[in-house]
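Common to both upcoming complexes is subunit A, partnered first by subunit B, then by subunit C.
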Partner chain A sequence: MQSQSHRFKQNVSVALEDVSLQKALSRVQEGFVDKRAAVVSTLPEFEQLREQGREIRNHVLDHLDFYLRRFENRVQALGGQVHWAENAEQARDIVRDICRRVEAKTVIKGKSMISEEIALNEALELDGLDVVESDLGEYILQLAQEPPSHIIAPAIHKTRAQISELFYNAHQKLGYTKKLDTVPDLVNEAREVLRSRYLEADVGITGANFLVAETGSNIIVTNEGNGDLSCTLPRVHIVTASIDKVVPTLDDASALLRLLARSATGQEITSYTTFSSGPKRAGDADGPDEYHVVLLDNGRTEMLAGAFRDMLRCIRCGACMNHCPVYGAIGGHSHRWGYPGPIGSVLTPNFLGLEEAGDLANACTLNGHCASVCPVKIPLPDLLREHRRRQFERKLQPLPARLALAAWAGIARRPWIYQPLMATGIGMLRLLSRGRGKFKSLPMLGAWTRTRDLPAPQSRTFQTLWKKQRGKR
Partner chain B sequence: MADSARDRILGRIRAVTGSKDGENPGLRISQPPLLIRPRIPSELLPRFVEKLELGGGSISQVAEHAGIPAEIGRFLDAEKFPATLRAAPALRNISWGDGLEVSYGSSDGGDLVSVTPAFCAIAETGSLLLVSGEDSPTTLNFLPDVHIVIVESDQLLAHPEDAWAKLRELGQVPRTVNVITGPSKTADIEQTLQIGAHGPRKLHVILVHPE
Partner chain C sequence: MSKARIGLFVTCLVDLYRPSVAFASIKLLEDAGYRVEVPQSQTCCGQPAFNNGDFGSTCEIARQVIDAFADFDYVVGASGSCIGTIKMHYPELFEDDPEWLAKARDLSARAFELTSFLTDIAGIDSVESGFGGELTYHDSCSGLRELGIKQQPRKLLGSIEGVSIREMQHSETCCGFGGTFCVKFPEISTRLASDKVDNICNSKAQVLIGGDLGCLLNIGGRLQRLDKPVRVFHVAEVLADMADGSAIGEEET
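On to the complex of A and B.
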């Protein structure tokens, strides 16, 4: 997928005016935020589990080479193959080569963010392969030719009517000629259409929520059972995973899975947690003949060595995004690249560069909700601030913004200018707002107030109040 | 080429982790530390039933193996499904009687109802753990509309960690381990929960529980 992160600002204006998107985003609150709060409140150990989750992930990062080699060793012992890719292109080539060698025609896919990251579908389609997404949300987006807008519910921005239209257009040639309008009917039609695609697929490609070093297994969690079929029915199973996905043992995986489902969908556990280890064994009734794991670096070893190391603890639950007020206002498409929300704002500049994706970090209000819900305690606001600091250092922000910040810093460091200036300014703003408490628009700040209201200052400056308060004692 | 990518990636990691040697990470695998397990405030069986039903599954109990066929017949009748089963070969020693039409083996997608044994069940989450093998095809867990799982009461464990201990006794993990909690579902269209996305629309447990 072509990244559109540099078009972030334009995309945001479009998103804010998109009525069906705004309706869909309002469902994030109910569907994810409230459900998570409810399920967390019934588990007294949750805070301890978060701390433990942080420790497990840190331990892995401290010994990442050991666990990766151990994982590789186990997969090989079971008859599977491990492939290493330094970047997206190498990863794509590995998968393309396997598909070519086994003379694949159809590929069925479980949900995989790495597949998005390396733009795998496009590459396979160029090779003439028929690539089918099996996760219902991903399938809808494949028909719509759009990237996911949410990592757990990729098609959350699509309405029933839009989906009905997509199915009608795509499935007519298969004999489905009725336009459907209920959710059960739509799900059923997709079930029927995709069922035959599973059965005819030569290669199944899935992601991995975790890789287990102890056993050489990859773990996927789904509610639909789609990924599980994708790694069972085709004769070749390929797992695309990044190097940070490894965990030491099955016990460690369980400890993290307790956090994952609760943080992601507000469930205690998803319908299916599937562990695949190597190809099918001699005598097994079913399962694939070949098992491959593609381990992708793509900038992660650099993150390991630098200021963004904490981000590698991420278990991709999406809670930070569900609790993000900016995501709640504009959705994931404004980011226009694999990872939306706060994770995207931190990760994408690491993968694509600050020049391409720096705006993402600037949209953050540093309110801190994301860090307070993150199941592995990633200090997301600190990491976003680090991107901003680097942008400023490298003079990547627009000149007016940099000048304004420099002027602000100059004034704020000089109390004898700052204090009288603020007192006057605040008094004036209060007068101008005429008691309405906020500004719908402000001269010269039209670009800012078009999509926001500026609250009018409450009373006097903090310093004035502080002095008065102290005087009272 | 692939090899050199491997060496470069591991080399870059080593450059960072090398300074942190000292503790032996292999120990975490040979002697896994005791991690936090959520306390289960009740007996295991009621907990298992509560969580299974929360996930959308259902359960009935029989006192002995001989009662299984009749119980399956009753369930299918009540749910208006035909009495035709695709069973895991591991269940060959059950005498099904005349009421049910039973065939054995993996599924090609044409079966409405499957019956499989469980490896164990997990009370914490109301889950069933099923493993692949010669006698237990994985396709039976996903392709039929109704999935019936036979669980023995002594297979009920508290936590997944207990299941891993049992799995380790096999020496090698089976190719596929499925932890199943309720039927297949999706909320991908307008966040509306719909049962039966790609997998079974019904998950029913028959617990063999001698008094």
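On to the complex of A and C.
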């Protein structure tokens, strides 16, 4: 995918003015936040479950090589193949080569963030393949030619009217000539259109919510059932997953699934939880002839060894973005690189570098709401601050900001200079305010005063007043 | 028995912008039976440097704070954000420095935000204040999520006879201040402040109360720019019955 992270600030302005985006984002609150709160309140052990989730994921990261090899062995024993991809290019080549070898013409896809990460669709289309997204949200975005703006609700930024327009334009040639305006009608039309695509697909590509080392199974959760169909109908099934998706046992997966559904959509369990383990066996009624798992590293081993290790616990529920006030204001497209919201602000600079994506780490008030709802307790604000530390060390922040910070820090370290200097400054500011209690504008502080009054200092500094008063005591 | 000694952590914003919050804090702590002193060698907790990635300067400022408050039984400040930095983050800063780590942990254990100190440590459950009216309370993020401050200020405010609390929707959602965030990303910051203003106005309360001056300057500034009649005070001012002067951003009386 093409990154536009460096255009973050311009993207923010556009997003804030986008009326239909703002309307769509206002639904995140009722759709996700309230539902999560309701379902969590009915599970008294939810906090213990979070701690268990954190421990399971930490254990995996401590023994990642072991569990990955175990997973590989189990997949092979079931008759499947595991392919290791160090980077996006290798992963794309592996998938493309499989498609070429089996002479595929059509590919049906379940939702996969790894597919987004490695820009798989573009690569396969370039190779002449007809690629169809089967997740409704992804399908909408494929028609709109846009990247996802949310990891579990990729088309959350689209309004019903926009989707109706997209379907009307895309489906006319298939004989659907009516413009639809209700959600059930839109869903039914997509279902009908997609159904034939499942049947004609040669290859099904899905993501992975968890890879179970004990059984060699891939687990995906959906609410549309599209995952089942993408796994079972085509003659070849390819799973695209990152190496951090592995969990030791089915019990572990079960604990994490309980956390995932509640944190993501406020459901106790998703409508479909699909386990796929190897190709069709002799006597099986259905299933693919070939079963492949592409395991992508793409910088994750490096993260494992460094300060961002905790990030690899992530189970991609999206709760952090649902609860992020900045995401709520600007949505996921301002990031413009696959992973939006707080996890995107941590991950993207890791993948693309701080020069490219440094703004993301700063576009956060460090309010901590994300970490407080994270099902595996990732300290997201601390990780964002770590990016800022690296930016500071490498002098990547703009020069005026660095100079201002250096000047302030130089003074704040010296109380004997700080206090008289501040007393003088506050005295001047008070004179300027002429008792009006606030400023409508102030030179150098336009970023504040363009949209907010700046309250004026109440009197002299506290330290000045305290010295005087203490003298009297 | 001699009174326990409290070192008041003034906070830089209170020092510069609203001394009445510090005077109110002193009154509340003295009324609760403590001896309060104000070390002169304090400036700021170092959060602006910390959150902008300058950990070196943060450590220097932290050492200064640790030394200034070394001799007190408690350190109390009227800000969840500054006390959160001292209590939760100072020890992280010195993970590789055993000597200072021990000092940072020692300070951390003695550091408290004002309302949580009054209720949880001093055991106060009511205050006398002539302040009256319908209030709404903004939960500042650091106090809420780093220190678990939620019920303490409500308990104390609720004990004032003429006060009723009208909870706003999304009182736990960030107001968009975020320290230097508010000037680095002014558009996003303003949007969050506007959402907060809407929730405050919908609560029909006449007064906004909070425990962190940064948030109150931000929300107050946005309220006034939008000509909303809501008055803004720090919780310490109301609890100490010292909210009879101008509210934040109001013309001097």
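The rule is simple: the second predicted complex is superposed on the first by the 415 of 473 C-alpha atoms of A that agree within 3 Å, B and C clash if a C-alpha of one lies under 4 Å from a C-alpha of the other, contacts with A are read in each partner's own complex, and residues count from 1 in each chain.
Note that contacts are C-beta pairs under 8 Å (C-beta built on N, C-alpha and C of every residue); 3 or more make two chains touch, one makes a residue touch a chain.
Quick caveat: nothing in here was measured; it's all calculated off a predicted structure.
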Check whether A:390 is in contact with subunit B, with subunit C, with both or with neither, and answer first, second, both or neither.
second
Is A:348 in contact with subunit B, with subunit C, with both, or with neither (first, second, both, neither)?
neither
With the two structures laid over each other on chain A, which partner does A:160 touch: subunit B (first), subunit C (second), both, or neither?
first
According to the stated criteria, A:209 is in contact with first (subunit B), second (subunit C), both, or neither; which is it?
neither
Residue contacts on subunit A - larger count, subunit B or subunit C
B
First, second, both or neither for A:136, with subunit B first and subunit C second
first
Counting only touches as set out at the top, which of subunit B and subunit C does A:52 meet: first, second, both, neither?
first
Residues of subunit A that sit at the subunit B interface in one complex and at the subunit C interface in the other, please.
none
Which subunit A residues qualify as touching subunit B in the complex?
24, 27, 30-31, 43-45, 48-49, 52, 59, 61-70, 78, 83-86, 90, 94, 134-137, 140, 153-156, 158-160, 163, 183-184, 186-188, 190-191, 194-195, 198-199, 213-217, 223-226, 228-229, 231-233, 243, 248-252, 254-255, 257-258, 265, 268-281, 283-287, 295, 297, 301-302, 304-305
Could you pull out which subunit C residues touch subunit A in their complex?
10, 12, 14-20, 22-23, 38, 40-44, 46, 48-55, 57, 60-61, 64, 141-142, 145-146, 172-174, 176-193, 195, 217-218, 220-222, 224-225, 246, 248-252
Note which residues of subunit B are touching subunit A in the complex, please.
2, 5-6, 8-10, 12-17, 20, 25-26, 28-29, 32, 35-36, 38-39, 51, 54-56, 89, 105-106, 108-109, 125, 127, 132-139, 141-143, 159-161, 164, 167, 172-192, 194, 196-200
Which of the residues in subunit A end up touching subunit C in this complex?
9, 12-13, 16, 325-326, 329-330, 362-369, 371-372, 385, 387-393, 397, 401, 405, 408-409, 411-413, 415, 418-419, 422, 426, 435-438, 445, 447-448, 450-463, 465-466
